[in-house]
């Protein structure tokens, strides 16, 4: 029982982790992309539709990544090349993604989808209790942890990561140092979009293999909150994602057990938890100020 | 003169006809300049003359519209700072191009084009810092460092490239006189090694002291090439400004005056990680007096201004007193109503909203004090009355603008500053607090602003001027106090004040220790 | 070749006026392309989408019904966005306004009097404002990001409404359908002109609200305060205005208007509470606010345009069989184009060919 709960927590946490990890890189470069929800839902419908029509789950996953990145490119063009307001443009991306996915997904509502299989690591996955949890998960679960390690290594141990952090800290200085600020940000934004697309595909190919309109249900926004919660540190995102996975799965089990609490109240727990977490984090102003990338959300026009 | 230079083969850098346009403005107009090996070459000019634009083109941060750059006799195109560094050109920026959130070592690594292991970079940086007398902690976060320390990082970062030409943009504007002396020693050592230095400044005495040749710019053009050691400060100033700048007229203050602005035991904790806390500040500014507060940037001047102006309230009502009444619990509007006026350091975004028109910006600081004139019932703005007042101020201060009521951002720095100061003078305030009155302002406007402040004090008002510009303070103040690490020294009457005395206090020396330390330097 | 932005010395008045129209035009073009991909004749599709709904009186009434909440919410949001407060939870404030306003007719159906309707409107206003007050207070007090909190509260409001209509407020005579009892006659917002169509007084409220806020924003010190704090918070503080009071003010005004929109919709157009009472008005109003360039008069026009896109979606579904979801995609696209075109107000776009090498120019006289 406990084991199966822990496993489902991992499946609830993985999409949040992937999407938040992408947004973390974006925000570290000084860009605030509020379109995570929109890119995620586009990833979900793309992954589902491509997997179903081609019969290949992996093709679905790759298509979702591509579409996520392409969507991010629209955002990049507007905010980086045309210097539009990042908050408003992110909102537009979310609204557009929700609308477009609903339109594209109409023919897929109610159809059974494909599921990405688990990888059983021989012998190890048969270990009692931890076996299935650690060694019998779907491939994207492992990928999400690898992604975290890779992002952490990239940001703090490579020169390119140093450049990205420099751009997020002070774009004017970075430009004066000869770093191509706009190019760095384009790459970061597209990476974030690819991650959001992948996270969306996880929802429609692993978590609940079907297409439902608005199926992301605010997870893109929760991913944004996780980045703040983690104060822009990769490994803290893991902690946050699993905390939220726990809340989500906990309330689902409570509903299943028929606890005498209205199911709607239980369903709203992840959202209320997000607010609570944001308040707790923002109360510590010193922590927030020290870690927030100083250029976050500020427009940049290079002088030539 | 140019013919002889052309024949000389040893030119390191030879720039011809370098031009840069911003819209219709010619920021640099056909600039010629040569730099020899092992010389310190001054680039002189007042704000807006095109110095920064020129060196940004040399460093590849801006792209020239026309002109050629020859480096060691070969024509080159410098498209990026990376290109410049590869050639052997290094630059120390005026507004440092450092990253607050990164460590000193990370900042240095970023400017190296070849990825080098962090350990090796740190070791080399330490070596250089010892060789040139520039102490440095590679693991410190830049955000926590003082301006002087930041400049050292910039210089070491530059030296790591082993440059043959080093460009320094107004390096002493943020230093105490003693720190500046140490910088000159470093420069002399670099020169002795055969490196060339392009030294940008508007401080004539130091140019005369350390530079071999000088090029003077005015309005984007070369006005003269000269040997600064053979010129006088006033002849250089004439070249920079064009005609004589009117000297500011100041009279001795009369005795027996009442204190119009008093600050008593003002303390304030730092509100955020990069702020300075204020401790136990006392001062009094009397009717008819101009009191100056000197200090290196970032020693609490901004925090002090916020506290005195009422942008931030005090715990104790008597921590700030205006015209004999407690003002510590009054907000900025309340303090204005008590007769005080304030001008902050940042023009755009603090004193004025960039995208709002001048008349809207007039309303900004005077909507409460002049409510009767500018507002009718229900808070409806009387546009006509506001526009008329804005015009009156623009005329009185000779604000030059395109159009009747342009946006603040469309004005030049000097003209906007004249407006921002004039906006307050128009009320004839009894207490005036100004932070950096002439920062980045051309000489003509600066003289006008300083004279206006003196005239205000002559009329019986108390004027408090916070400035990093010592020349300015010595020119207009009756007494100078020094702010260091959020503490304020006792004011020194202008008759007893010297650059050395004030400079030592700016560097953090205790007043009684001033004399022996002077000998040590 | 590369695209460069050159900052204009002043904002361009021409493009301030033109940019929404350019954006609309671009959206229509993109829409035509989209219909082409869907295998429809673009001219037909655009006709059914944007022209047909304007040809009949009843359908103009429907336009007013849809535009009322969009304009009400949109003008409220303009105060928020102008003052740099990113309230994106208007959908939730709309729902809570609708719930609060429905307390009397649903929980106290016996209380029937002409005073019921004014009380309902008032309670709707208070409910919406109070719900908007939560993210406002959290931002003013702790600096909590209002974008995320206001949005999270939308989901909470939706779930709360769902619980109400399935649980305590379910119509006892309703065969277990998830909906409340129908409002009694005193609780219904009257139609403006019942003879010709359904448009109710909510539309009048919307126009009035827009006119009042236009006057406040363009003529009064309060409007100046809103814009100053939004453009430059430090200058706002220097002027003596309080940032935290402005946060509360902006959220309360926009929450109140969203609440009024909610109760007007329920009482004027629906007549009862259901699990879904809004086709995303609170989010579409964000687009309305930007298309109207955050100017209340512009927002009236923008609200009508977006209302038309809802009607057009329904019309096109019936006549040419495209999904009404197309409308949502249209709306999202429109916001992109609006934002992109706003760039022209602040910048000129210059397309330049990269100079390959710095060309030598005139040797100055001294060197000849």
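Residue numbering begins at 1 within each chain, and the chains themselves are lettered A, B and C in the order written.
Just so it is clear, contacts are C-beta pairs under 8 Å (C-beta built on N, C-alpha and C of every residue); 3 or more make two chains touch, one makes a residue touch a chain.
For clarity, every value in this text was computed on a predicted model and none was experimentally measured.
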Topology of the chain contact graph, where touching chains are joined (line, ring, star, complete, other): complete
Chains most often in contact, by C-beta pairs: A-C
Averaged-CA centre spacing for the pair chain B and chain A, given as whole angstrom: 45
Rounded Å distance between chain A and chain C, as computed from the means of their C-alpha atoms: 27
Interface hub residues of chain A, defined as touching at least two other chains: 285, 304
Per-residue multi-chain contacts in chain B, two or more chains: 63
Residues of chain A defined as touching chain B within the complex: 159, 162-163, 165-166, 169-170, 172-179, 285-286, 289-290, 293-294, 303-304
Touch list for chain B against partner chain A, complex: 60-63, 80-82, 85, 93, 96-102, 106, 109-111, 115, 272-273
Chain B-facing residues of chain C, complex: 6, 9-11, 219-222, 224, 227-228, 231-232, 234-235, 237-240, 355, 357-364, 366-367
Chain A contact footprint on chain C (complex, rising order): 3-5, 7, 81, 86, 88, 138, 142-145, 147-149, 151-153, 155-156, 159-160, 162-163, 166-167, 283-284, 286-287, 290, 323, 325-333, 335-336, 339-340, 342-343, 346-347
Residue ranges of chain B touching chain C (in the complex, touch as defined): 2, 6, 16-17, 19, 23, 30, 32, 63-64, 66-69, 77, 309, 311, 331-333, 336, 342, 344, 346, 349-356, 360, 363-365, 367-368, 375, 378-381, 402, 406-407, 409-410
